[in-house]
Structure formats: structure tokens, C-alpha cells
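Mind having a look at this structure? Questions to follow.
All chains are identified by letter, namely A, B, C and D, in their written order; residue positions are counted from 1 within each chain.
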Amino acid sequence: MRKIYFDHSATTPVHPDVAEEMFRYVSEIFGNPSSIHSFGREARKAVEAARSKVAQGIGANPEEVVFTSGGTESDFMAIRGVAYANRKNGNHIITSAVEHHAVLDTCKALEKEGFELTILPVDGYGMVSPQDLAKAIKENTTLITIMHANNEVGTIQPISEIGAIARERGVLFHTDAVQSMGKIPVNVNELLVDLLSVSGHKIYAPKGVGALYIRRGIRWRPLNFGGGQERKRRPGTENVPGIAALGKAVELAVKDMEEENKRLTFLRDKLIKGILDTISHVRLAGHPTMRLPNHVNLIFEFIEGESMLLRLDMQGVAASSGSACTSGSLNPSHVLLAMGIPHEIAHGSLRLTLGRSNTEEDVDAFLSMMPPIVEQLRAMSPLC
Amino acid sequence: MRKIYFDHSATTPVHPDVAEEMFRYVSEIFGNPSSIHSFGREARKAVEAARSKVAQGIGANPEEVVFTSGGTESDFMAIRGVAYANRKNGNHIITSAVEHHAVLDTCKALEKEGFELTILPVDGYGMVSPQDLAKAIKENTTLITIMHANNEVGTIQPISEIGAIARERGVLFHTDAVQSMGKIPVNVNELLVDLLSVSGHKIYAPKGVGALYIRRGIRWRPLNFGGGQERKRRPGTENVPGIAALGKAVELAVKDMEEENKRLTFLRDKLIKGILDTISHVRLAGHPTMRLPNHVNLIFEFIEGESMLLRLDMQGVAASSGSACTSGSLNPSHVLLAMGIPHEIAHGSLRLTLGRSNTEEDVDAFLSMMPPIVEQLRAMSPLC
Amino acid sequence: MYTDKVLDHFANPRNVGELTDANGVAEIGNPTCGDITRIYLKIEDNIIKDIKFKTFGCAAAVASGSMLTEMAKGKTIEEALKITDEAVAEMLDGLPPQKMHCSNMAAEAMQAAIENYKEKLGA
Amino acid sequence: MYTDKVLDHFANPRNVGELTDANGVAEIGNPTCGDITRIYLKIEDNIIKDIKFKTFGCAAAVASGSMLTEMAKGKTIEEALKITDEAVAEMLDGLPPQKMHCSNMAAEAMQAAIENYKEKLGA
């Protein structure tokens, strides 16, 4: 059976060039970067070369890039690190209702530890309002964390506007760029952010590696201690193959972005139009234009996401319903609910996220596959 | 130039079978284990199969194994997780003076946060005394963390004796088995431990993956929150290739242990005897018999470790002086100092840690290489 | 995560649909997830002659509806009332822990439909 | 981490050893790391005719000793005293940040040896 992978926001296959880079550091150049012998020095070189590539990819200096075990760690390192380091100056954190759990749950845990938390609402497109944000900033606000692009609905937030406000008001600003990296321009100085999270496996690098940008000179402190790696910002022997892969992946992502962006936007729009034209009671979730070029989220009324996913899966199509991370959960996506979509309708969300491997044929195959699935499931639904 | 790698305690090359297992999950079976489609389900299967293998390797149940980003993370997750979860019952932690920085620095950070810390001394072999330990336990003691085998001097601690005391006194007991895993038997029920750390890259799996054993039912809590992975014990998309590799590596390590143990013990003893027989003013650091089968630490008086390392490196031999993690540091190893070795003598430590790739030829080559190096460096020394 | 049995019943659900001549009908909403199952019963001489279901729910809900209706068909009311959600889950070779509640819905909807039948009968 | 220049001077250190006819000798211990460097000077007509060093130290210490002695040889005392640790490090194409202090030791030992020479002269 022909397989169609439409779940690139959940994870991506490692790009062949990235895999090649990764494998060099697995068995051949395998040293510990802290070792002073040649095995160690070669590993160190690989780590620093990757750091430069990641830095270049986001417009940062290499010393401002810390490697982590993934987007989740980058997020909580950013948030906890700023929250604790600035506790003397204030304990108020601002985030949004549509953040990834890595951000939202970290903020909520801090709330339990005594921090004050404001969760900004979003509009029907999942968009945070900079005006709301400006109003929410108080004397004791030390951190704003708003994602660059949403993983569930693809909406791109007005990060540079928020960044300008944060800077004017002297509040540190973190953005989770896990989904935007490689898909739209990500530059820490244009976005005016102080911290920024990246995850490897969303950009064709392997799982288990990520990066956190920490602007030079900001008040941040490490969470853990150990061997002094990453200039004491993140202890533990460096994941050299993963780091080398991440460097390569960022390089490729930035190099190919413009072209891929165009190509994916075309496929995305064809997919959306194709479904809306052939199936009734379907709506697009998320912003119609301020959205990731590869991101489709369609809500089919009267039916349930999981059933669609499994039907599609049986026909070789991998899709998701809300975040992969939360698909184990039973509640409809907190993102859709925050956008004001009713509970039972939110259940019918189908997320299709395109990527490098997808072609127009994939879209066409999907478009002919979907109507009978919806028909069949609706026939089973007590709501019809 | 023929390369001889004698730094297996710092890191190991990935075993070919392990690399093969790892690579399967990089580009081919690349799904996110949280996804419900077939890509995700295959990834989930790989993670759970690896969990079973790791569990089996240490005599645990699969649900008791949590995957982490490495030994350092396993250590601080164990220690902080128990310390915080039991804070109501007590705030006293006991550790030893020869722990890895991942343990020691975490304990010291907790001390700064208001916990009470007892750092047990060691004898001249780097050994903790169970009697000392028993005396140190107080009403408010909630955690003991003592490593299984020391990374710098190879000394094996009396873990099951300590475990028996801990259990009798109702104190949770963590051991860092990063260095012992695969070299000597590691069984959580024989060692009587409640938490146990393992690191992939020390046992021929890649860097960036590790495991933490958490005994069922003990009071421990996660440090971070996010997508709910690892049954909410460790958030973040699972490092599937790394985890699959770790499973394979543990399987291989346990399978080959007895034979490798014998082989390495022979090489180790030949190496030690060869040096002691041909060079004066040399001593073995660590316990003569209660030591890892692959571990040699020789202290050469009047000369400095780094100089030896670099001379050896120029001749293709990779060795270390104290822990790789601390080789960026200028202080002589805290382990050697804790063993009562004077500051200037501790500087002359050379750690040689053998592994799968090493042969008797390597040992012979080293034995003929070392005397002129020592002679030359001593000629340069103002202490001679 | 799902057993082959669950996937089979999900892919080819038995007894899906409505019964125009039903004499017992009920709909149950799942308090855990907000999903819905509706059961149609055709009871004759105390025996479930026919049973159909509809569900707005996950794959476990569909499979449970399919399995429960298979199990209930031909049974007496008393026998049918003894079918527990655990029994349904067991016949499906098990459900993932977080999906155990989905099998409730089918069993409960059938119980409510029997209740509905009895009420009508009493009325 | 080390430059090729450092590694070269470490592998083939210049001016290692003792001077039996030294007229200025001093040993400096490095407070940061506990290492030691000793410098031997042979001064004639205010000029450093010969200079040798010994070190119990890291590769940076060895290379610094080697480089410093090369730089000082043939210089007048006044010129030699102007050689800073930074200058030594620079001639080695730099040292890792945490190893900058190692170059101190060589320069300081030489300064102390010149002091020792002057003291003897004055005595």
C-alpha cells in the first residue's frame, strides 16, 4: 500500500543528508567532546560547528545557543530559568491559552510554586492580541512566553509586535519556534525575542535533540548541574550525533525554505479547497492566511477525529487530530476550545501537516479518499 | 598511525549491532510514538521493546524504567525527584565524596535550596564505609545516593550492604550505575536500590540517551511537565532511535558480560603489572580487587596528567586524567583528593579504561610507549 | 495500542444503523470524553431480536458498540443486562487503560434502551 | 582546544632543562592550579645569554615556558621584563580561556629569576 505521511508537525523523517552527518558521529568520530585527546577534539569540533550553523540559522551568536534534548526541554529550561533567576524582581508570567503543553504545563507548575500566571485568550483564529498582552504586563511581570506558530492549527502569532512591547516594557520574551523553524523566517533580532526554542525532529533531524537560544546578558539561570557542559548551562555529555544532525538540519531548512514554502503553500491550499469543495459541514481551523505553509486543520462536524485517523491509517495515510502529544488524552484539544470551538465540534478536527516528501499526487489521493470516509462515519453518527 | 582507545569510561563507540538498531528508527520507522497511525505505533513498539530489554537487564519491571537524555539527567531526576517528593517527611540527603558531578553538584544545589546534606568520606581506596553510612542516617533522612562504581578510580562500592541498611532504616536509595552497567552484574533487587541510573554512551549506545529505574510505589515526583510522555514522568518526544539503541546495548552488554569481564580483567592486570614493573614512583589509584574489570588509574609522581595525555595522544593513544567531564577544570580530581592523595601527586593521574575494541596488542604497545614518555616528562619536571 | 479485534470491529462494525421498528431506544453521553452512543432495540418475547447502534465516538466506542450488539443479539433481557463493559472489553481482547470508559457507553446505552422498552411496556 | 603552535612547543619544548652556571634562578607555583615552573638564567652584560626552564604543569605551561625562553634569550634584562604573559600567549596563537593563567607562570618565574640575579648582584 502506498503510504502518505501527512503528520510532519508531529515528527519528520530524518533527511538523508542529515542522517549521513549524524552517522559520522556514531561509531567513527565517537569521542566525548570533553576529552582532550583527538577523539574528543574531533567531537568538540562537530559540536561547535553545529552550534555555529544553528546560530546562523536564527541570526544569533554561537555562544547564545545551548543544545538540549528537544523542544520540550528547551521550553522548560527557558521558562523556569528566567522565572527563577528573576524571582527577586517579580513573579508574574504571561503566556497564551494555545501554547504547547511543554510551555503551558510548565507555567502552570510554576503557578503552583507560587508564581502568578496570566493566560492570554486568543481569537477565533487562535491569535493572541498584542493589545491584550500590553494590558496584561504589570510591575512584577518578568517573562512573556508566546509561541511563534501553533502546532495544532498552524496560526502564526504576531511575535515581533509582541517582542517590541516586551522590550519597551523591559520584560523578557521567550518564543517556542518548534513549528515555525524551517517553515517561515525565524530570526531572533527580527522577532525581538530573548529566548527561542527549536526541536530537531520537527525539521528532519532526529528525535532527542533541540536547541535553546538565550540572548547574551539576560538574567537566566540553569536548572541543573553536573559536568559543566554547554558552559554550565546544560549538564550531561553532549549528544554529538544529534547535535551535528541538528546543525545540518537547520542549515538545510534555511537553505530550502523559500522554495519549500512556495511548494507547500500550493499543496496546502489545494488540499483545503479540495475538501471544502466536496464535503459539507467542514471548516478550516486556524487563521486563513497567517498560517504555516504546510499546515491544514479541518473540522468535520458530526464525526470524531480518532475514527477519521484510523480510517485514513487503514488506507495508508498518517494524519493527526490535535497534537500528537495529546492524542493519548480524551479531551478535545485545548487549542480548539480556546478558539471558542464547541466541545463536540472540536472532536472532529483532522490535522494534515505536509512536508518534504509530499507531492501533489498525495494531495489528490487524499482528496479522493476522504469523501467516502466522511460519509461512512457520518452514517454511523447519532448526530446526523 | 594505529589508534588505541583507552578511554571507555569517558565514552564508547556505538556497537555495530546497536548502530543498526538505531538507524532503523531514524529515517525508516520514524514516527512519533504518541501518534496513533501506523508510523506512530511502530515507534511505540520500538520504545516498549527497548524498555523491556532495559528492565530485563537490571532485573526490573518495564513500567519501572523511564528513558532520559543520559546519565546526568537520570541522576538529577532521581535525586531531585525523591528530595522534593519527600520534603514533608524530611530534608536530609546522604551522598559520598567520590560521586560524579551529576550527583554531587545536584546534592549541593539542593543544599543551597535548604536541604541538609551529608557527604560521606571514603578510605584510601575510594570506598564508602557502610558503618559510616549507618551512623549518618537520621530521623529526617529521605535519600541516600551512592554510586555503584566510580568513574575515575574504578572502585566498586558495597551497594547491597548499603541497600540493606537503607531498607532497614526506611530510606530511599539511589545508585549511579553508569559505570558498572555491562561490566559487573547490576540487578536492582540484589543491590537493594530504589532508583538506578544508566547512560547509553558508556555501554556502546549513542550519546543523548539514558534510563532511570524508579521502583514501583516509591515516593518520587517528576521535575517537568509537558506532553505526558513516559507516563508523565519525563516529558518530551521520545528519542526513539536512541531508546531502541539503548535497549539493544543493554541486551548485548548483559549477554557478553561474563566473557568480556574475564577478558578485560586479564588485560587490565597485565597493564597494571607492566607499568608497575617498569616505571618507578607509580601507584595504582582505587581498590586493587574491588574495581571495574576494565579500569586502570595510575598515578605517576612528579609529572602532570595533561602532559601525559597529550604525549600519548600524539602517539595515537586516547586516555584521560580524572573524569572527562572535569578535564576542562584545573583542579585535581575531587575523587583523588577525597581518597587522601596529596594535591601535587593527584595531578599525575592517568586513567586507562579498556573496552570491547582493545586487544593484548594494545596493552603491549602501550607498555612499550609509556616508559620513554614518563622519562622525558620527568626530565622536564622541577620536582625531580 | 488497539488489539486486532478492536481494529476489525472498528473497520467493519457490525449492527451499525437504526431500527425503524425499535421498541427500545436510548442515547448515552460519555461523561469522560463527551462522546455519544445510541442503541436501538427490537425486543420480542423478552428476547433481543435485533439491535443496532450509532456512535459519535472513538474507535473503542465503535468497536464496543459493534461487539456489544453482537453479544446481546438473541439474548433474553435478563442475560443482556448481565453484559458488563468489562465483558465487552474482554471480548475485544482488551482496551487501552485510558479507553476502558469507552466500553461503558455501549453497555450503558443498551441498559438504558432496555429501561426505555420496559417503561413503554409499563406505560 | 590548543593551537598548533602550542602543541608544537609542547611536543618539542625549547630550552628545557637546567643551567649549571645559572646566575639567576627562581621557582613559581601557580596559585590557580598548584603547578610549578622553574627558570634558570645566565646573564652577562645585562643580557640574557642563556635561559632554561623546567615545569610541572600542563601543556600550556610547557609551551609557555618554551615560548617565553625563546622570546627572552638574547634580550636585555629591561627588554625581558617587558615580556607579558599575554605576549607569550599571543606568540602561541592564543591559549584557551581557562589556560591563560598558565602563561603567567613562565613570565613570573623569569621575573623572579631576574630579581634573584639582581639580589645576588647587589649582595
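Structure notes:
Throughout what follows, a contact is a pair of C-beta atoms (placed from the backbone, for glycine too) under 8 Å apart; a residue touches a chain by one contact, two chains touch by 3 or more.
Being a predicted model, the structure only gives us computed values, none of them experimental.
Chains that touch both chain C and chain D are the following: A, B. Centroids of chain B and chain D (each the mean of its C-alpha atoms) stand 40 Å apart.
The distance from the centre of chain A to the centre of chain D, each centre being the mean of the chain's C-alpha atoms, comes to 55 Å. Per-chain Cα centroids separate chain A from chain B by 34 Å. For chain C, the set of residues that touch two or more other chains is empty.
Among all residues of chain B, those that touch two or more other chains are 36, 306, 310, 328-329. Contacting chain pairs in the structure are A-B, A-C, A-D, B-C, B-D.
Listed in rising order, the residues of chain D touching chain A in the complex are 1. Interface residues of chain B, counted against chain A in their complex, comprise 5, 7, 10-14, 16, 19, 22-23, 26-28, 30-32, 34-40, 69-73, 75-76, 100-102, 105-106, 108-109, 199, 201, 206-209, 224-229, 235-242, 306, 309-310, 312-313, 317-320, 323-329. Residues 2, 7, 10-11, 13, 16-17, 27, 32-38, 54-59, 61-62, 98 of chain D touch chain B in their complex. Per the touch definition, chain B reaches chain D in the complex via residues 302-304, 306-307, 310-311, 314, 328-332, 343-344, 347, 379-383. Taken in their complex, chain A has these residues touching chain D: 36, 41, 44.
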